[in-house]
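Heads up, the next two complexes both have chain A, just with different partners, chain B and then chain C.
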Partner chain A sequence: MVEKDHFRQVLQHSPFHDRIEEHNLIKNWMSWNGYQTARVLDTLSAEYFAIRSGCSVMDLTPMEKYRITGPDSLAFLNRLVARDLSKLKPNRVTYVVWCNDDGKVLDDGTIFHLGDAGYRLCSQHHQLDWLLISSQGFDVEIAEETHEVAALAVQGPTSCAVLRAAGIDGLDQLKPFGIQYTQLLGFEVMVSRTGYTGDLGYEVWTEPRHAVDLWDAIFATKHRGLYDVRVIGLDALEMVRIEAGFIMPGDDFITAETAVRADHDRSPFELGVGWTVNLDKPYFTGKGALIKEKSSAIKRRLVKLVVEGNKPPVDSFLYDAMKGKRIGTIKSQTWSPILKANLAMADIDYINGKAPREIWAEIYYQKELTWHATWARTTVSEKPFWSHPRKSATPPGPY
Partner chain B sequence: MTNSKTIVLVGGGHNGLVCATYLAKGLGPAGYTVQVLEARDQIGGAASTRCFGQDSCKGGFRVSAVAHVLHSLDPQIGRDLNLANAGLDRGPAIETISLGRNGDHLTLSATAVSGNGLSKVDIESYASFKNEFRSYAKALKPLMTNRPPRLKNMDRRDLITLTQLGWALRFGLGANSMLEFLRVGGINIYDVLNEQFDSERLKGAIAADAVIGHHMGPRTPTTVLTYLHRLQGELHSPQTLPPGGMGKVTEALAEAARIAGVHIRTGAKVTRILIRDGSVTGVALDSGERIDTELVVSNADAKTTFLKLVGTQDLDAMFAHRIRKTRTNGTVAKLHLGLKGLPEVNGMSVAQLGQRLLIAPDMGYVEHAFNHAKYGEFSEHPVLEITLPSITDASLTRDGYHVMSVVACFAPYALKTGWDQGREVFADRIVSLLGAYFPGIASQIVARELLTPVDIEAQYNITGGHWHHGELGIDQSFMMRPVHGAAQYDTPVDGLFLCGAAAHPGGGVTGVPGRLAAERILALSR
Partner chain C sequence: MANNRGKKYDAIVIGAGHNGLTNAAFLAKAGLDVLVLEKNEYIGGATVSRELHEGWKYSNCSYVCSLFRPEIYQALDLGRHGLEVIPLQGSTTFMQNGDYFGSYHQPTVRRREIARHSKRDADAAIRFDADLMKWCRLIRGFLLRTPPNPASLKPRDAWEFAYLVKQFYGLSESQIYEFIRFFTMSIAEYLEEYFESDVILAHFSGGSIIGTGLGVYSPGTAYVLLHHAMGDVDGNIGSWGFSRGGMGAIAKSIAASFSSFGGEIRTAAEVRQIRVAGRRAVGVVLVSGEEIDASVVVSNLDAKRTFLGVMDPKDLPEDLLHRAENFKIRGSSGKVNIALDGLPNMTALPQGSPLTRGHMHFTDTLERLERGYDDWKDNRWSADPYVDALIPSQFDPTLAPPGKHMMSVFVQYCPYDVEGGWSDEKRDAFGATVIDQIAQYSPDFKSMILHTEVRTPLELENEVGLTEGNIFQGELTLDQLMFNRPFPGYAQYRGPVKNMYLCSSSTHPGGGVMGAPGANSAREILKDLRRLNTVPADFGDD
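Here is the complex of A and B:
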């Protein structure tokens, strides 16, 4: 993007844009990190079911990507994130969160160990400034490569079969969070068994100049009548990520960098991702604060709630009893077609380190433009709402 | 846990020595031993005496190395540590004389000003101005001589300090003075002096005191506060030239330390403060030696302490970043001249020559001198603070010779051309400026050396060669000195404390940061 005129294009086009545009029947675009991205292309439920019972394809190019190289790469990343990365082997990926000095979460993402090529960090939000601040005193180079890497998320029960039919070999033995390199039509693609859907799925990475060829190879399987492959937008992804219990920085909690008011930012423990925090590894940013936080009872939690009834609990307040004391709010929610339930991420106050015995949602809903209010009982789910054995089966099995 | 009963002071500057002595007195009875590890071969840091000229000390010259005028050594330290017994000699009191080219010099004492051509009004205004400003300085004293209060989670000590400050401002000053103080506190010395005086020379001299050592000109906001910082010393003692140079003062401090049982080592450079699980476990020396300790007090500046000795890998990223972003580039150079015979100044007696001499003819001159520093240049016409200590102290050189010590502003650390190119050019410029006041001085010079901020950094281990180990801007003062999160002498690293000029209330040979750091450690150990 060296041309001086790049700003005239308010939303950037990813290298897959021309192909996506062909599929985007309702032109429901939005911005994702400055890229023109489809919210829904055709029918939301069709896109949802492509993920859950077929094969879905989503353009991942807008996701923030950074390459970290240099002798101190591991030391730098280990001081950046709360998880212990010393155990991350080459060609493996791991989920991480990172905090500010106060132990409050700035963002989450994945780290790819690319062997001699260093590490790739993928994040939800722009992090270059924080990475540079954190790099002082470390012999590392940090390069933003968001625009230099084209990527597709290929997810769903038939994703492995589709990629195989598209000409990508050797996926049978690729384990969850593994990375593999293959040649496709004479160019290199990297495939990682990663994703945001909680199902069998892959992310396929290549150079932007090969993006269209990669796309065409995948969709050729559909045109040959082998599999149904469907492009999906961000709305379908939002449904499945809630089912899978993944948190969304900026939606489920305000990131520490953007929080202005005291007590609005959240620690990994408060977000339910304390399992990624290792307080026994060497110092990392926020460790001191997190050790302190651990010494007293947890004050609040982001929890997964199943909300009874069929009314969507959009932005609902939560109470410790019907008409009881207010204890929190719903942050994001979806109707899960596969589970036939309302699922939600909710920020609630804990009492003496425990969730309140009962949690009730007060739900406002409309019928023919008239508002009504109702109460719905909810239950906390400690596990992801939805998971399937094929997610981790290697080989994934034929679908 | 090393269970060590050793306390390590990194650095034997005057603040390190003061802190060590208080700690030895306070914790010695509990079985602790205090060790001072000084990187240089000499204790004292920026408050020491050095040799220059032919054959160095023999037949050469000795001079106060960096700091040369003693103006604010805390008298409480003198009493607490019995410094008289340890041989402290502050030396003869001196006044400030602002030089005029034609014999029209002004003599400024703490309370009065005199000189040819001064109006009666200016003379009276000076007395009342100094009176008023000393009362402001006094009102700030609770803040300047106590640990800075935290604004969040205050404890009893913090509340007492704030109450004392509030009391001193409101009742110590009285309603009218308090209003005036609140008015001038945040503005610049330029505007204040223009309100007060007519004489350009008088305004120039006072303005110089507000900016020497800072990256500021008279028109820079908050120069009233830097002036009040400077006045703290005047509240309790006159400015003096210590016999034998500033090194004699720190030798007395070292003697007091030894009497208290402190073990002092020189040539012992600390390369690393060792940390495990967020707590200090020891220090490593450049010799490879390792000393186990759970308590390290650093007299080094904040950047050296955190970025070099601790290292960012053991710190939170934003804390390390804020330390790195503190402004620590020095602006002052030190010129030492060995002279054959005493230079002469039009209309001045030898006794007058032995005072603190200023070249700062007017505020515009001072402001222009600063302008260069903003753009990475040294001043075309620098502001000079000159002493001739050999007039009253024959020990500094042999008969018939004299030593001149010159603080020269402004000499920015980050000189555009680099100091290897600039050093001699700037020295020549200072000498030629001196020539305008001391005719013929150029031909008297038999030895000269210029210490630029880069040299002070290299030789005295002060990042940026900064007078105060970091600018005394309002954003780097009080509860934000050196940065918030490390402003009460303790730091985010358990067992690591700061005791040097980088900590509140800043630089100058005061000993106050050293004393307050020790008080903080003693309070926490109770």
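Here is the complex of A and C:
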């Protein structure tokens, strides 16, 4: 229940807020979905390496969550998303995108099959209106449950060991995209082997009233001197999600619902997530448009680019040759400390259905407030920039 | 009175409304010798602020600013001539059940407040905002342009048509169909495609009936919403602001800019007629009998008053007279300006709510809004009126003494032809209806009232010269917009005789404190005179 005087506190607090605030040494907050969320808590590089070489913890509560229940849940979701969900088993999770009738992407997210408890859809943006519009004619209940579920992302090579030491049992056999329930200190937690880091990692879900106990159990492993565990902010997450090759709706592309200018929206094929589109399954929203699109050469793509050198290609224009024709722009980018390379997501025009043979970035950078311009060759990477066998090893190793 | 006998001006502008002043300023900037003639003792027309109660300044007609083109602001250097437009904060609809809906200025809080009434509507608002922005972008591209003349074969009109088509085809095919629907729908039907909550439907439809002789269920009202959403304050499209010192400060700053280019303004100088010789305008004759010569005569009056008032019917083509007689210009709005002894307590709002600093409305369902319209059709003012109340003295210290306040209340609907005709008693009864509406939500409001100015459409007509008191100088319906404004064939600011022009809100892009009609008209005049153009092009894609 929202109180009438909610204007007094603009950004909401998640149930983990008090704990995070203790760790947030530089008080660098931002809004994520209306929640007060840390951008960086201490130093960015320490947070990045917590994800890649230790154990990181991040509050996932602000992520938009919906519960879908009722006899037509599967039929409804299968009509909503481009992927075929009919084979999604209970206690499994899958990545999906969904489109409007023009086959343009509205958002991406994950669907959790919770067995008798229905399905959970997690999304980047607010989707209740679209879910309700799309559910006409289906016998389903759709409820937004963002604030009713507290969740932590626990990610990194020691994440399994940390959770085990915290008292969460039975993770050995949990495979990627699997869900498992367990008791911790007398309350129920749900653990899914999912994440946005491309590394070994878990998401731990519980009721808000148990949030602090869950947090304390995880950090007790650090206080006991067993493992280093570090809270991370959204800036570190941004680095690893680019390394892992995950797209970010709203940053890498404008979602179809919010696109104002014509031709600014994007199809799943144009975003490089065509692998989640199943044109053989029964009708789903956007299918007709996507079949039509598939029959002609693709016009543009969001691609993963490795940019040579070490100058950050922030907002750079891209060209088909050094000083050649302009063919696109960088949407997001990061320096990868583990690969020692500039990685980027870029929207580029294709020629006859193919990427231009060469792609060059024009980079503006400054040293001591003096600006310089330089050119860097780039290469398209079809695979995630970074991946590690430990991500999917079952049982996971200790580090 | 200056002795002008024998002197011939390059241009005379009749009326010192903000469009007349804008027009005059661009002509003077181009080096013309320009005289503005105003019937009142003060300038500004409907963009005016006057002290009617000692220590209090009212914005007697218009009260908030958003439509005024920043290109004009920049080109006439209005900031240095004293203009400051401060963004205002949010809006509220008070509900009969004691609750309220606040459209806060802070986006996160706004979203949560919509969700307080309907979680679904909070998400639908994202779709609504994006869709409205599509139409805003399209229409904004036309504001500082002269509409093409569809009946002409001139190359320039062909170019303008090409621009129009290009703007249009910047939309996808389905967006074009949506746009046509949008122009012809009622606001109620349009909003119901997005929202479910009664109070949210009522809140967002308010801007669609302001100034119109239409109700929330009348086709065409969806466009009026756009007319109120297409402006901006510093690039925030749809935002509204206060002009420090009241709306009169806008007219004053334009007048100061005009004077800096050597322009001359004469108040208390009512024009009786535009003099025409050999099918050319040659000057004007004042009510006083004084004749003044000019090479160009521009009218800032509405289309009816221009053609049926200050022109000799013998100088006009028959079809134009006919069109002018049938021009839709129905008065439907009133205004109550109030001097307050303190800040009234709005009981529904928590202590310290920022919502007192924004618009306040008191009609929480579409049905109540439609019933208010029914009264108007029956020649009565709304018994349960839609009001737009604001207390700008909360952050503008020039409007009232410290600790005291000024409230501006715009009222919809109030008829021009009230049953049995207007009298002082009826005008006061109308004012009392409005005050009662607000007092229902603020027990101490009435006891704080020190002075009120009540204006029905009749007062607006008599003082500002707005025919029937129509605030936009003519309805904003598709048959009177773009190349149809005011009439087909006369939308390019040129009158029926040579050297005579229109520059008022009766021309494209229409009413509101926008300056665009005045600026567009100046561009056409300078083109005809083969003078350097001083009127800026729009800033482009936004």
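In the analysis below, the second predicted complex is superposed on the first by the 397 of 399 C-alpha atoms of A that agree within 3 Å, B and C clash if a C-alpha of one lies under 4 Å from a C-alpha of the other, contacts with A are read in each partner's own complex, and residues count from 1 in each chain.
In this section, a residue touches a chain if its C-beta (ideal position, glycine included) is under 8 Å from a C-beta of that chain, and two chains touch if they have at least 3 such contacts.
Since this is a predicted model, take the numbers as computed values, not measurements.
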{"item": "Comparison of chain B and chain C by chain A residues contacted", "value": "C"}
{"item": "Touched partner set for A:80, first chain B, second chain C, both or neither", "value": "first"}
{"item": "Partner chain in contact with A:258 - chain B first, chain C second, else both or neither", "value": "second"}
{"item": "Partner chain in contact with A:6 - chain B first, chain C second, else both or neither", "value": "second"}
{"item": "First, second, both or neither for A:138, with chain B first and chain C second", "value": "first"}
{"item": "Partner chain(s) touched by A:100 [first = chain B, second = chain C, both, neither]", "value": "first"}
{"item": "Contacts of A:282 with chain B and chain C, given as first, second, both or neither", "value": "first"}
{"item": "Chain B versus chain C as contact partner of A:130, first or second or both or neither", "value": "both"}
{"item": "Shared chain A surface residues [contacts with chain B and with chain C]", "value": "130"}
{"item": "Sites on chain B touched by chain A in the complex", "value": "275, 278, 307, 311-321, 324, 485, 492"}
{"item": "Residue ranges of chain C in contact with chain A within the complex", "value": "99, 102, 104, 106, 108-109, 111-113, 115-116, 119-124, 126-127, 130, 133-134, 137, 170-172, 174-175, 350, 352-355"}
{"item": "Chain A residues within the chain C interface of the complex", "value": "2, 4-8, 10-12, 31, 34, 102, 125-130, 132, 144, 257-263"}
{"item": "Touch list for chain A against partner chain B, complex", "value": "75, 79-80, 100-101, 130, 133-134, 136-138, 282-283, 285-289, 291"}
